[in-house]
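For reference, the structures are reproduced in the following blocks.
Two complexes come next, and they have one chain in common, chain A, joined by chain B in the first and chain C in the second.
After this line comes the complex of A and B, so read on.
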């Protein structure tokens, strides 16, 4: 009867600093960077442009990972981010390219639409107690349907189909070009700045705001949180809603990068986003982790892909290697227990 | 004699929980094993069932010296345990559950569903249970599941069936059904070891009784020859004098008033978990609530606090103002808080640090416009760490690394920071070492001196007697007795808790 309580778990013998998930995430990143230095593709790895392009490439995924981090800390998962990205990319293109709306109106509308999708799956999870995997899987399918419905299944590009069957070509809206440009002497991509801004916003939420603290509490022990008077339902709505919001931001960036709204855009992006969060070290069981970890995780995945591509590793080997390295990194994180 | 256990000795990490214990069992008898919580009943049963295979002493089963290596081994030889938490799989059918682990097969590979079905039907008919074998077991109420669990024991050709508090979740009718079944089992030649805290049941179903206290064998008797008074004395025994601080309460105005409070059964059975409770709690007062497992005392506190939402019925006043049970959030805002009896499951966010756990329920006060003022949060945590003497390296330490007593103090600090008027404490010293226990008693005295009112649940009777100004005893959801501190004795409380109203 009292036997169980006397069986105390021995604390891990590993020293303090190695137990910090932040250090472990950094170690994984440094390992990948060391690989890059070793296989530097005749010095290409040491050029700033390589790093700039890595950041540019990973930005859209990393923005998705920002929202994913919030949801995963509540002990949930959001499979719908890729589809919401596709839906909002199409929506933004329709507004800006076809309708000629000002981006100052189009962007907020798209972002609201994305947040609404996220909040809808959040509502299913929080109010109706549907498992996050199922609820967001449904939203993933539904939002993809939305994308195809509003686009009529066509890519929304500068070639606009006229009723008479001919194409009319319109100018690329300036917002697309500016989002797709690089600033500071072509040294930093604008999408990367947006990604950094998203990281910053999430950091404020998680580290500074009461509702961020509640996100951790709900993920750490939902029942204790509820009995401490925390509005659990609202917190989950908030987290999933933000995930949808960030997906919409990513969708706008994606549209700008592709110069069109592709209803197929963002397929399987949710998996990359989850990989970024997990490789950063945020716990899928909830309650533990942070946006700093996700930032490091995004760089780890980004550099991994970049190094494989500058070394001209074929796609088949690249995918297999990426899979193997993700497992390696996660096992490394688990080793602390 | 079908079973004889003698000189049984068992220690857990140096602490002896069984010391030279004797137990025997005759064919076709119901032998009650009695004793307080922690007396060693469960350990003895676990040795017999093969859960603990390391022990000293001898077990003779049907005349042979045996040693059960595992639960499976014991079950194979004919010893079955009907668990408090059932070992049935809700997502499988009744028939599949009955044969779980003993599946009937053809050539050891192919499931023989038809034979299983037929055999199960024969068994259930003999036992007089009407049930659809291809229905999922989870669709049936607890009482039926328990009967299926017993049926399962018969598939194993059990000679000895151990029932550990089998009636704790049953209503009166279901108890009668169970007892009919037990009589049937006796006729089939099964012997039953029956563990229960309920005196009335012991006298209704038992043939003989053995009592353990503090890990020692006290004695055995036929049921008729042992009066309830004597049985209680055997169980409670000497007075355990622990150190409690002197309590000199100053009772003030009425803080909490409850009239006709009802709470329906949470699993959906048609009975009340808490039935028609009325009480009045004054400033500075501690009312202790006694009762056995399943008496509804925890549910009463949880129900008043709003853990179950708006399921509760009844009238409540807090400081004279009508109070509507709504949600924990609302109760906390109104000044009513609950320390639950499961600090790891429902009290703490284990992977958060001390400071954050302390501020969890009052974070609003530290975060104007939603922005947390970490410095104030840390100051408040520091204050409580000093005030409650929480032993930790720093307030940044995660609470899962703290000892039970310090964890409990963190939860107390959390509730104190919400500035409550009424404090519900459900087993505040459970699994807490002696020093921290003493600290908690002192804190309770301090807080009540400041005008707080406390409802206290504790299963440790000496603690209840020492800390309460009044004691309410609950049995099956109802109040069966109320004592002033002077009137109350362990014997009276135990009697009332077992449902015997006259002493």
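After this line comes the complex of A and C, so read on.
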């Protein structure tokens, strides 16, 4: 089964342009954009601010999706990204707001903590052969517990509870404000630039580095990869570790945008991240896909949410429409030949 | 084979983390019971439906703080982790442990009515906090009225805007009763006024969602006078969206809950114009508990009064909403 799909992949570049997953992903995005142009909410859809805000809002999810793409290409899944986001958001807020650390120390510590969580579930998957779903489910629960433990269950905000029961107010750390701001003449949110940087890093890894090719090989046929001398265990650790790392980056962005660290942050974000990867066209069976697809997937999901939001569609119809459109897009991509 | 065993261990651990945490937390609280019993007269069992929401953490905090003042009582806290059956089991545990009184903040009415009644019939008084159980087999219900708070917010907003203006309503989860009551109450409060609701959306109590919905409202309408959010994080998210658009000075933000570390602080910092308190009743529960244990007569039902916090009155501790002040506070 897997050998067959490898063969198919090899022959695909020679077929017509419609077979390219990239074109198919773009078509889904265009379909959503057309919906937006049709239901433009009295012209709100044509304002630049709407698009800028869409990119700001989807950035955190898309950063999670970057790591998720790497893991899914190894034929795995990472359910822990949302919890690691919550954990690192709390951690970053404690360091920067309560302890007054420099962000140059706090950010790397948080990113390392996230990467360590990711590597831990990667270790369970690669070394102990626990199914990715179970290993990362455990990490999802564990990291959420960590977030609640380090925060004491409360949001970490600029009001610091003193032992006498009163609150001491601290300034919002400058790093929060700069991450939450917009640059280039107020046209691009800083978190969007971070998202683009993450996309670029993933592209370098997947398209330019040998380890990126190994990631595809492991996902395509693990046994064949092992026999041809690819360090499968290390590659899996690498992918899950990076997923944790990107989750931490997203956590820092989330904290900066909320001006606080919420231990409940990132609940169900893993599902949105998976949806972004899948709607882009990366295959859940592994071995196929790419970061460019995830970029388009992020825009598709982002615009979908934005269009429903500017039209003030009710929650019930919103959920049904989102489900229907995701299925529609995926079916469309499946319809090869 | 080895693989299977490891999988099984992993699954067991995952399940253990899911279901085990609550139990483990309870161990220390029962350990030192015997030593303290000398001066201790009464043990109170408190079952909280979940500790995932800041408001419920605040409730436990209020109960704890109030109870610390009385050395004759001791409160054992249990967290039902949003599971009705677990909460039911906790009440049964309290009954068999023969505590002197039970405080329960139920997750749902139906599954908890029977165990609460069982306790009541065995002579262990039960105080029901915030959400109701069915029937009348409990000792005392303490709770606030979301509809009245919504109405008060509506009237306050009409007055603040001088009877005209464009309002955005950011709703809490509309499948939950607090969301529905805060919505209908508000609509009753503004009925007949010149206010216009230009945009309403469900932000599901979540700050990031409120920010996204507010961005949409800002994109659509160049003129927005006020945002009414069903909770304070929602109002804060809306504020952040308005600030990003450079419009936060033109818009008034109003929210509900007024937790000390959330809404009250936003009001103090001037981000929000007003926050309406949704009281936890934690302090009142301990007072009522002491009355019951001292064999005093207590009312069957206590509706908690709510305060409004504004920039002007926050240093004085807010202002009680007119009408009914609860029996305890007068």
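One rule holds in what follows: the second predicted complex is superposed on the first by the 321 of 337 C-alpha atoms of A that agree within 3 Å, B and C clash if a C-alpha of one lies under 4 Å from a C-alpha of the other, contacts with A are read in each partner's own complex, and residues count from 1 in each chain.
In this section, a contact is a pair of C-beta atoms (placed from the backbone, for glycine too) under 8 Å apart; a residue touches a chain by one contact, two chains touch by 3 or more.
Note that this is a predicted model, so its numbers are computed, not measured.
Contact with chain C, but none with chain B, is seen for A:309 once the two complexes are overlaid on the shared chain. Legend: residue contacts after superposition of the two complexes on their common chain; A:137 is shown touching chain C, with no touch to chain B.
Residue contacts after overlaying the shared chain place A:257 against chain C, while chain B stays out of touching range. Once the two structures are superposed, chain B and chain C can be ranked by residues of chain A touched, with C on top.
Contacts of A:287 after superposition on the shared chain: chain B is touched, whereas chain C is not. Touching chain B in their complex are the following residues of chain A: 1-3, 5-7, 11, 208-211, 213-214, 216-217, 220-221, 223-231, 287-288.
On the chain C side of its complex with chain A, the touching residues are 3, 6-7, 10-11, 13-14, 17-18, 21, 51-52, 54, 57, 65, 173-175, 199-202, 204, 207-208, 211-213, 215-216, 218-220, 237, 240-241, 244-245, 260-262, 265, 268-269.
Put simply, chain A touches chain C in their complex at residues 41-42, 44, 47, 49-50, 53, 56-57, 124, 128-131, 134-135, 137-138, 141-142, 145, 153-155, 157-159, 161, 165, 167, 169, 180, 182, 254, 257-259, 262, 264-265, 305-306, 309-310, 312, 314-315. Interface residues of chain B, counted against chain A in their complex, comprise 12-13, 15, 17, 37-38, 42-43, 305, 307, 327-329, 331-333, 338, 340, 345-352, 356, 360-361, 363-364, 366-367, 370-372, 401, 404, 414, 418, 431.
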